[in-house]
């Protein structure tokens, strides 16, 4: 790895300030999944479960149900709470079995056809599939399938899986399903609904999360435990890495179709994706984040008057920082809850006020103070820069920025929506340069070993790391088959379709 | 054919009056298609062409364009004039090549996924297809394709054709296209757009219509000549039965891939579907309809004071009737142009006023008169019954109902949306019974031979009829492969999907 | 009256072709009113009545009901059939008494606050008012009222009447109402609903129409008899000029608060506004229009092959023309029923095709023919010009344009929405010049005496004309108080408000 | 004051759980106002200012601007960020002078006509008025005005003020304005825009807040300082109680038209309404709330393991509680940010999960713990009850509920939207009973003296209290003229109008 050239900071203030949404400079999980079998209010519970997973994707949502005879399917752009509601929900989506999905838009525009779950009538019966993750050989498989006469309706990896199942000559649906799994590579947590069972799958390394719950005897699958809490289900266990579970009203059966290897779940679930009230890998996410803050305080000590979180994701780490440092915790930045769906910029003026529309400085707390500003992570740095400026404008004497995760230097290929490497500030320049660019008095990141400490390890074992931590280390857990084929990207953008 | 039992008339007035929309009791064409190649405003011209074909389908519309590099696709529920407008149309749908489609909803709900043109990225490149008609072996083909691993996204016949093309192993797109055509049976007028050419196809009997036009050297395809008139294109010729035309900027090439046989175009294009200003089979539709009225007057003479058309489709025949009978033509029924999209019935009261909301009796013309009421056809009879009642309420002394087409007794399987046979009044009872049920003083239908006379024939040749006239004769021009499989209908309704 | 200068025809084809909507060049009635008292489905019947009056105004509609205790009020932009429907209509608008209104937008933008009926809670109780017509002293009254502290919420004349009622010191509502009537001048047909009665008023000259009907003992008021027909009510009589009727469940009481003078109803109700199936002034509108066509044929004889109406308003006169001339009537122009709400012009190209989107030439009927084209009237001439061109493009050998009404040369001040005088083609140039500009072989207008003949008079009596015919004669039936104050127009445009 | 009977707790769980929205059981400020004069982007700045005040009202928003010649006005239902955006904002609302308003719906349905600012064209010119507060003699004034012929279009107090101005005979607008002010009683913070000036008024006791800012020489008025911060304006001073300021491009002029008396601003601005980053009465709201938590800890000491705020309004007091008690602060309740606009209950099931949709228990923090739950206030207790249950379900061993404000026992008549007294839990029962009903181990309220201490006073002076604190004390600062007239309430609901 060579020393990168300094990041080109746009000299034009205009452009910088256009990056105004404080939530725009976050990594994004592409999806959340949910499934339940055998409950008379399956669609309602799925809607609630998806609502609890809404932080994993807000652009689209869908539910497939099976009522014993027919499948029912609805997909929408927007929030679960805007669509899957109303007294007619069970009429629209009848049945005791359901799966659901929330998703982010991928770049290239949000397209209804990409909203999941996908559904297909196969010769063996219907199947709905919802997927969180990203295949690293999807493009290659897709090309082979198209060559072979398959017609794709979406650009999603999930449809690749559907076609692999459709073309399998295996006699039973489960065999066809497993046959398809053996052909795909990458990260995936899948839920699928057939006319017999609810299937859950987690990739061989367990990169993407999936948990099993129980609601009065009905098996439930979800990306996070907070979805179980929402519907009052009890947490049973995590789906294992490389495990396939087949859920029916008769119970849960488990397959292990892959050669076993150590798991490597994505560490960013702890850093940002999962909700603080979820339990991931047996650990309270909130607790891990507080420990990240504790270790951060130890690693990046500084004299200061107040610890201020960037709301809301920096709050647990800031509490940990306070606990370890003894520096008082204060709400120095206030979040505005009523932002509205679309605040289109009317003028240049408003653009320069950008970040203030979601966040406001609490002047009384900041004025004249030495401030430790704690965020969960720093991506492009564009929002950090604006928040720092806002804090300074409110009279802060010193601003010390602390990232509760290590420096993000490498891209992801497993389903995280993030900028290219040349947009990652820590991938482009030294801490010293960043300190200048961001306008802070000091800048500190949690170390990778510190992150492992927060997770209960002594430190990272470079020979067998317990987590997928490539964002910080560049150590990718799988082959990246499509990556070399990246230049052919454009060929797949042959059409742009709008259904409205 | 046995004598049918008398139709069961619902004794409950409520139910009868619920059939209130005078246009609800018409046969419906399922589609109109349009295509143009080599024009810098292809999307705009396609929108206009579809607008001229809007009478062939009002529930959905779509356009696919190709700009030399990419395909662009938009589909909408509703009218062309509500969607394919605005100064950004060419930006949304750039390119010099385009095809478009308007359609009716089939029963079972309007589903966005069924709106055409369909589009697929095949291994040989993208292809868009729009289809007017109905395949008689679509279900069988579909089952084979699904068995073979194909995933269907719609329930339309058109997607069957797409899959057949996708799976062909022929080297060139045109060969694959023709290979697909050889597998399908039924009625179809297709337009397809590839990255090279615009293709037009008409089924071996030429059941569904398709014409070729020319706009300053650019080939144009359309269901009817009125679409050519709309954009100022000149009419070149009809596509022949069983002909495939390949249109490009270099001109039009013609293939005849089928064994030749006499054509049998659908006679109902003359009776109701085509616009009166279209030229079909070299004949002015308006002129044929007037001749139907002339012959009708000759065949069903009666003493009367006024000839009154049921607007608007009965107007040309009524003018013919007047010409032949000498009985004055009067506007005895007025059509209300401002009906609004949805006039949901608030109460029982309004339901009994049903038909008046689109039509009003012109009392001054009807009061005390012996009225010959001329309609283009009678389907279930429900609307006729209400109009007759309205005319009587306005004081008509006698009401003599005349249908400018023969009695509709048989269902269609070639793309006409119509009730089942047990709903067809003339399929269920004698003219005498109908006279009573409809509440008229006399009832007359044009004879089948009279219809052929209006079309310029001496009479129908039973050994080689010139037209598809099965609605009146039960003489179906093709095999009906799927028909025996009808009981498996329900199996194909495995899912009901809503994308919104 | 001096000879006007020739109208300036825009030299730019672009601008001309922008005047494409064939219905854009018509005069527009500003309103229709309806009222009913004592019926348990008052709102439903009012919705139906307004639906029958929809041709009098399509931009906005409203209903006020009184349920014995409370008033209920709904106003909407758009068609009756899009809003006043649904099973909850009687729940939304309960009560046995109702009034309703349909209206056109006035120039200056459609504003919800101008949609009627207006409603106010006065000290004597609530009152709803709906108004068809225009006051000629509204501006003056308004200024006095504002000076006196009144706050206006709309720009409509109707609110002036409301304020006059509100400020009257008379003890009883009816006295206050009459006191208000004595202050206003101009043309008006009013319906008002108080907590006691339904009131109907027609201006002293009876310029605007209002009829009384009866539905099973319930009094009904409506602008035209077609609204009575719609709900099955019987026609009782026209409200007299200068008459006030007070309708309650106990019957109908009549007041004559004005000095009597001969009536002068607006003749344009016969020419264009009223529906052909309405009876106005005891005459069938359809019949009068046919007679206009008969006389037109006599006055403007020409050798020709076909008589072609401009649909739909030219149809009755064309039938009369055929009857008198013996020249065959043919549907040479076809109307497209599926125009859609908004067909926004994407390009210059489509603009040149303008008129074709609503009308199409029926080439078979026109080709090689000498055509008499019959329209009800000619306003700016812009649409006529385009239709003539369309007919010529379809191959007509000669085009002879005939207007079934006399030349429109003067503006209206009584509630008709029409262009300024300098936009009226017949107000700007000679028939010879018009013939050239419109591109016709000959041009003919019905004479004013001919119009009176069609109405059953011998001819117009210049000393005491029976109708308000100022559009043709410039002979205004009332004082025009506000007219001299026109320059102060702009002062009243102090604000532009949008409620959305 | 007699001892109230115990509150009737609905025995039916169904009903209880229907009170599910944790934000539904809060008091609501009815409005926020903003104004600016002399800035070329007045509408944009007003939109931003209103956005900062959005917490004061989310149901409707409006802006009036004056461009030197015309007034412009827009009002909408919903959030500022959904409507007052887009590149055309300055085109829609041009001018250098603007006022704006955000509001809550009052009970009885949100009606567009009540959205402010109101606007009227008076004889002296146009005037726009926006109002935060409530008049205590509005009903009486309204009746007099209606008696005198005034027509009201809304049910808002603000229109009363407009009519008083309209009817004043004083020569100058400012004199008319002051004349109107002398007739009204109650609480009000007004901004008004004439064609000359921006006017700001605060009621004689200064119950509702209004501050003056400066943006590069342009005077700015706003309900809170956070709106000044949003647009980068500097805080100048609060408008005094009973002060009228007249702002123009020439500067700010001050009038004191009322007899002076001590001010009594509403103490609930500190408790809940104002944003924590605002400065009210020279005090940081955040700071006061922390002090309320400190004193609360001192007054209601308990042994516990964690202090948990009810997010987000309980956070500052919880931080103060932690500071004073030494008990660790933890995020035991997580707020879901993606609730969607409307989550309509499909079934009984989901209703029982109600509160979880906005809040989730963070089990890891709560399990086995003795929890001090800190909220800003307790109104009906319905949400508290559900949150307590949620915390218990998460395994809390003990739950000690603490209200950072005194017990709310009395209704408000000055513009706060709150339940009737019989719905206020503390107005209906003893602390002991509440403890049982709410299901907590202990319950504590801040004392009234404690509240004054947090505000920097020693304690409340009962002879001259510094704040309007009637919610806690029943000591109303003004006459309540309309209150005795309450039974005539219904008379004013004479009509229910919908404009859509």
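Read from first to last, the chains carry the letters A, B, C and D; within each, the first residue is number 1.
Methods note: a contact is a pair of C-beta atoms (placed from the backbone, for glycine too) under 8 Å apart; a residue touches a chain by one contact, two chains touch by 3 or more.
Just so it is clear, the model here is predicted, and its values are computed rather than measured.
The chains in contact with chain A as well as with chain B do not exist; no chain meets both. Matching CA atoms, the turn from chain B to chain D amounts to 180°, rounded to the nearest 5. When each chain is reduced to the average of its Cα atoms, D sits farthest from chain B.
Annotation: 61 Å between the Cα-based centres of chain A and chain C. Taking the mean of the C-alpha atoms as each chain's centre, chain C and chain D sit 50 Å apart. Taking the mean of the C-alpha atoms as each chain's centre, chain A and chain D sit 37 Å apart.
Residue positions of chain A with contacts to 2 or more other chains are absent.
In terms of which chains touch, the assembly is arranged as a closed ring, every chain touching its two neighbours and no others. Here the touching chains pair up as A-B, A-D, B-C, C-D.
Looking at the complex, you find that chain D touches chain A at residues 41, 44-45, 47-48, 51-52, 54-55, 58, 78-82, 85-90, 226, 229-232, 275-277, 279, 284, 286-287, 312, 315-316, 319, 323, 328-331, 334-347, 349-350, 353, 356-357, 360-365. The residues of chain D lying in touch with chain C in their complex are 70-76, 83, 92, 112-113, 115, 119-123, 125-126, 146-153, 159, 162-163, 166-168, 492-500.
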